[in-house]
Amino acid sequence: MKKKVLATLLSAAMVATLIAGCGSQEAAAPAPEAPAEEAPAEEAPADDAAEAPAEEPAADGAAAGGDYSFEIIVKSYQSSYWQAAVTGVNQKAEELGVKVNCTGPNAESDIADQVNMLNNAINAAPNGIGLAACDQDACLDSLQTALDKGIPVVCFDSGIPDAPDGSVYATVATDNYAAGATAAENLYPALKDKIASATAPVRIGEVNQEATSESITSRGLGFIDKFAELASADGKTVAVIGNEYYVNNCKDKGDEASADVIIEVAVPAQTTVELCATEASVILNKADTIGMFGSNQVAAEGILTANENLDVLGTDPASSILAAGFDAGSVIKGAITSGKMFGAVTQSPLAMGQTTVEILTKIANGETVSDVPTQGYWYDSTNMEDNSIAPNLYD
Amino acid sequence: MGKNKSVISRLGGQKFIVLLVVIGLILFFSAVSPDFRKYTTVMSILDYSYYIALMAIGVTFPLITGGVDLSIGTGLICYSLTGGFLIVQKGWPVWAGILVTLLLSITIGLLNGVLVSVMDLPPFLATLCTCMITRGLGSIFSKGFGISWPTSGAPGSWFRNIFKITVNGTKIPLGFLWVLLLVVLMAFVLNHTKIGRYTIAIGSNKEATILSGINVRFYHIMAYVISGFFAGLAAIAYSAVFSTVQPGTGAGFELEAIGGAIIGGVSASGGFGSIEGSLIGVFVICLLKTGLPYIGLQANWQQIITGLVLISAVMVDIMKRKKETA
Amino acid sequence: MGRIKENPIVKKLGFNRIILCSVLLLMYLLFSLTSKNFAGLPRILSALNYAYFLGFLSLGVTFVIATGGIDFSIGPVMFCSALISGYCLTSYGVPVALSLVISILVGTLFGVFNGYLVAYWSVPPFIVSMASMNIAKGIASVFTKTQSVSWPQGTTPEGWFRSLVKVGDFPVGLVIFLAFAVICSIILNKTRAGRYILSLGSNKEAVRLSGVNIKKWEMLAYIICGTLVGIAAIFFVAAYTTVQPGYGDQYNNEAIAGCVMGGTSMAGGLASIGGTVIGVFIIALLQEGILALHFTKDYQLIITGLIVIVAVYADVTARRRKN
Amino acid sequence: MGDVILTMKGITKSFPGVRALDGVNFEVRKGEVHALMGENGAGKSTLMKVLTGIYKKDSGTITYEGKEVEFHNTREAQSAGIVIVHQELNMLGHLTVAQNIFIGREFKKGIRIDDKKMNEEAKKLFDRLNINIDPTETMSNLTVGKQQMCEIAKAISHDAKVIIFDEPSAALTEAEIEELFKIIKDLRKQQLGIVYISHRMDEIKVITDRVTVMRDGTYVGTLITKDCTKNDIINMMVGRVIYEDPKEHSMVPEGAPVVLKVEHLNAGKMVQDVSFELHKGEILGFSGLMGAGRTETARAIFGADPKESGDIYINGQKVTINTPEDAVKCGIGYLSEDRKRFGIVVQKTVAENSTMATLEKYTKGLFIDKKAEKDVAQKYVESLATKTPSVDQLVVNLSGGNQQKVVIAKWLVRNCDILIFDEPTRGIDVGAKNEIYKLMNKLAEEGKAIIMISSEMTEILRMSDRIVVMCEGKKTGEIGIEEAAQETIMNMATREIG
């Protein structure tokens, strides 16, 4: 037992040493100036770094972070969205000369696995942790530990609203609600005439891979609310049916019987492509469906898979169903180029990854940082080549 | 009673009952949902059925030997990820990727066979281990990332046409033809070749089969190799039908295939079963998965109902047998 | 070698278990040497977090496997228990203590369901667990309206249940888990229930013809399993806070692996609670060590698979030599 | 008797810790039936396994058709013409008769197995043996006797020159044994060498030409059958004399009360309207051919299988027995014909098996009282003279006879008044058999009522006080031991029922 206590104290001391910014990666001996009994310093980040703060880490990285190591934990590796984020992280790390270690669970649903990884990352005592949390609540305890140990955390992709004060230094995330609305804003005008001229109710389908994570649900609700708002502005009534969560949490669920526009929300039992495809094909198969929205890469690809059989998607509202997607990847990009998919909203995972490392380095250098909101950009076949869009379209 | 029974058993006993269940489900869904009656729906169901059906054909062999193969689900994903990784990331030609996929599947099948037959491990455990191993290997091969095999229209997407071609704007479910052909082929193998005969013999009485001077080791291994190989075929079907293969998935596919086989009349204790039966059993599961959304049920209700139908399908059989023996 | 095995102390503890224990210790040493910061309490605590719920699952499934059956629904049922009780807690304001009871009750109910079908209807355990896996996922999802449920944080007054896992740095959970392991061991080895469960796993018909109501005892094995799964749910949320509907199957294999690694025979009739406990610790430590060495979880799965193969192979050959 | 076809000389074989065979000699001539005898564990089966290549011998020579040979597996032995018909039937229940006969050497058309030709060939074989079996029938649908015939047909189809019968009659009824003997005599005429392993003395006298006796892995001697008596052979086997004389008259005291009365019991095809009474202290023999419904009757009484109708009275009280649990509560114990499957739990100890039916008595509060359990097990180990190193021994390590004693102990611990012994001595060697008989007599003297189902006529005649005969699910006769003779019983057992 004695040994364990000693080990704990030693590691605490080590953390303190590292944070004090002496930059020494030697794990062997705690620096003499950090007495073993010193409590993990909560105020450590406030301490001035011994090393001179780098002026612009982005511009002059090599000098800045030579010895820093960061742990980056993504939500999963399932979609190329995360591949792009990891690429961004690695690029920036190389540029700044810092060490990063990227991990992530196999699936976004493996919450417990991610908590284990986070705990592990904390135990490895890095200079900072970049976290894309699968769940807003599951990480709170670990964040408290990180805070106690003085390890700064930067959230990316998704924020953690209830995080203990001071644990999360900055959040690099997209406003998902707004991004979902962006999709509606771009899809609605294309369908506007058809909705206006329709004699019977028309249907808009939405496929969400789940109804639990903040990012997916916000996008889904953002789309629903915006679409409903635009339709009502044109004097149409809207009803939302399908998955209970989305129906109950949208602004106005309306009445299916009397509605002109029905938004149907489908959520598969698990976040796999084949189940998303099954759900999507049911909606695509309905005669009154005119539009579809898939709120992330898996869901959007599910819609495209379903269309392989049905062949109802296209860009002409008169003869086909228009589908909007989310995120990029070769499948979605290909579908947009070939006119199967009307368009999609992309975030900038590459930039998000880069920014995360940049901010972590800044924190380690003792600079103050603030949240960096990233955006969702609408893209379709017309603007895919634009300079503002193209860099965000990863494979 | 006596006559009725003989008619049913001549038609294949449980197989026949399960076929009725399939027809019943189709009629029910068509009656309730007009969308279900569309040709495109048939296409979706078939698309969805290929990989489960292929796995079920393969896994019927280990099941008949009295074993089981739990590694086919995660194996499928592992093989598909490996092949896809080589094609997409390493720029290999598609045929080479497919070849590697199949070779890997045969290797894992061989490994299962050796563990079970030579090292004498309980099949359930041996394949549980390879299930974990393939799940890990798949992610490692693909470096943890999801892989999209070439999409339709893209160069190298010819393999998708194996399962579905478009003639004059109509999609033809070619894959179903292959599945049927494979069912006929494997039914022949099971009933009319040495491999099949000895597979049944091992499941019936392994000791006696050894004493008959048969190289039981070889044929026992073959059962698992067949199962592995069909998981490989299923991997190609899965990659051809669905866009992205995600690492970490696949656990659970094997339960659908094995469940289908057992519903289709394969004896859980070995020695008895048929390929046709397994195929019919698989369709019960596929119909439930693809049909229930059409009657407006949310995914969660679908799961509950699938569970209940599974139990009842087996219970009907148990009650029938109880009546017969009484 | 033979002489070591004949040593009364070794015999009492079981040779295989001693080997397993050594594997556990060696692994710890190895990780401590190769990964900086590995030795020390935080890693152990973190590994234990994983060991608790997995351990209860393993203990539960040990009883089922002892009867010669199998339960694939333990993971999803654990999630179902945690979701239903958690939803009662967060949405209907049910007090925490009662929610914990609900969690155990839900697990037990699934045990009753599985056990009834297996014992009284002779439905193959494989089919039963497949069905109840689907049903558990479905019910949990319907009940929570497809929402994930987050249990209260440790800092809130309702978070007291987290002290079941640890108070400060003291691993209370370990004490509780070991206590349950001892109870399970007593049930299995010293009571009628255990005797009949093991015997019917070995030869059902002989036990039935001895005038024993085997259906009752077989069902009891599933009920014990269900109850332990319900408890596992509590330890899962106490360590990991959030559960999501539609999942849980990923823990089946690991729980079964832990149980089998410890010497419980898949064919039924032989079970070792002590072995199960060590098996679970090995898996949990492996998970922690693999992460610490900056490998992904995939390697843990592969290594676990290999260890099980080796452990079972050793067992099989040992038994063959005996005969 | 023709020339010597097979000679085994000085065969030695050791297993870790055991010398199973020690310099054993054995020879077979063309056109003879050569019995190989010895108690269980004497090494008969091991010797045959060495011959057919299942085991590798340590030393000694095997000369077959004038050449020294060594087979590495059964297949090699088969193709050379040495075939074994196993004691435990080697059938593949899910395959058809023809498929079983030709397993491992199917006729083929390309890669396809030619089932049609196999059926024809099988038919030819059966015609040659004068057996009427449909080659396309599924094996598990045949009776044990017919399955045995298939095994023989299979052996002959190998162009066998030497056929080894390993306890062929163990599972057969008298009539089926008759048929078997006819076939064996036929084969003998065709100049085949036949090795016949059996425990049954009367059969040896009837069918064999020479007898080789083994004891404890060693060769004792070879006799010409017609020149020796039963007792000569038995003496060579065990070194002591055993008499197998029929019981002269009933040992049941006059006016012994009826403890069990069964009236109009019906349970499926195999149990039709069976009624009988069982008295205190009586051994009631149940005789009949295989498949006559005796075991089924016992199982129905015991509640192991469902019954359709019929009343059971115990000590005059009508009782309801739907499960074995009910039966045990009524004081009935059942010793199954198939100990391994229905009698013992092999992975449990002697003590644990002994209390299997009585565990609630040995439970204190929540826990099993292991001391009391061991004590009672020890008591019965002593009183039944069970050979076991301790009560903690796993039952799997005991011999057949001792396993049977453990099963008996299980019911004695329960203090059952009615015991049903179903084929109590099947697969048990002569010495142990005698002990079981003594034990049954002792139990009857103590006032237990015993139903004994047996297919061995000598056993029935030796043990029973009264005999019930069944045929095709019906009771066809009931006679006291005084009037009983083999012929009368056989007559009843084969009686055609209108």
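Labels A, B, C and D are assigned to the chains in the order they are written; within every chain, residues are numbered from 1.
Please note the rule applied: a contact is a pair of C-beta atoms (placed from the backbone, for glycine too) under 8 Å apart; a residue touches a chain by one contact, two chains touch by 3 or more.
Everything numeric in this text was worked out from a predicted model, so none of it was measured.
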### Query
Which other chains touch chain A while also touching chain D?
B, C
### Task
Look at all chain centres (mean of CA atoms) and spot the one farthest from the centre of chain B.
D
### Message
So using the touch definition from the top, which pair is joined by more C-beta contacts, A-B or C-D?
### Response
A-B
### Message
Roughly how far is chain A from chain B, centre to centre by C-alpha average, rounded to an integer in Å?
### Response
35
### Separation of chain B from chain D, taking each centre as the mean of its C-alpha atoms, in whole Å
44
### Query
Centre to centre, by mean C-alpha position, how many angstrom separate chain B and chain C?
29
### Task
Quick one: which residues in chain D touch 2 or more of the other chains?
none
### Task
Name the residues of chain B that each touch 2 or more other chains.
139, 144, 298-300, 302-303
#### Entry: In chain C, residues with contacts to at least two other chains
137-138, 141, 146, 245-246, 250, 296-298
### Query
For this entry, which pairs of chains touch?
A-B, A-C, B-C, B-D, C-D
### Task
Using the touch definition up top, name the residues of chain B that touch chain A in the complex.
35, 38, 40-41, 43-44, 47-48, 139, 143-146, 148, 151-154, 164, 171, 238, 241-249, 289-290, 293-294, 298-300, 302-303
### Query
In their shared complex, at which residues does chain C touch chain B?
70, 72, 117, 121-124, 126-128, 130-135, 137-142, 146, 245-246, 249-250, 253-254, 256-257, 260, 265-267, 296-302, 304-306, 308-309, 312-313, 316-317, 320
### In the complex with chain C, residue positions of chain D that touch it
302, 304, 323-325, 327-329, 334, 336, 341-348, 352, 356-357, 359-360, 363, 366-368, 370, 410, 414
### Task
Would you pull the chain A residues touching chain C in the complex into a rising list?
4-5, 7-8, 10-11, 14, 27, 101, 103, 105-106, 109-113, 115-117, 119-120, 122-125, 135-138, 140-141, 144-145, 162, 210-213, 243-245, 248, 267, 269-270
### Task
Please give the residue numbers of chain C that touch chain D in the complex, ascending.
186, 190-192, 195-196, 198-199, 202-203, 205-213, 269-270
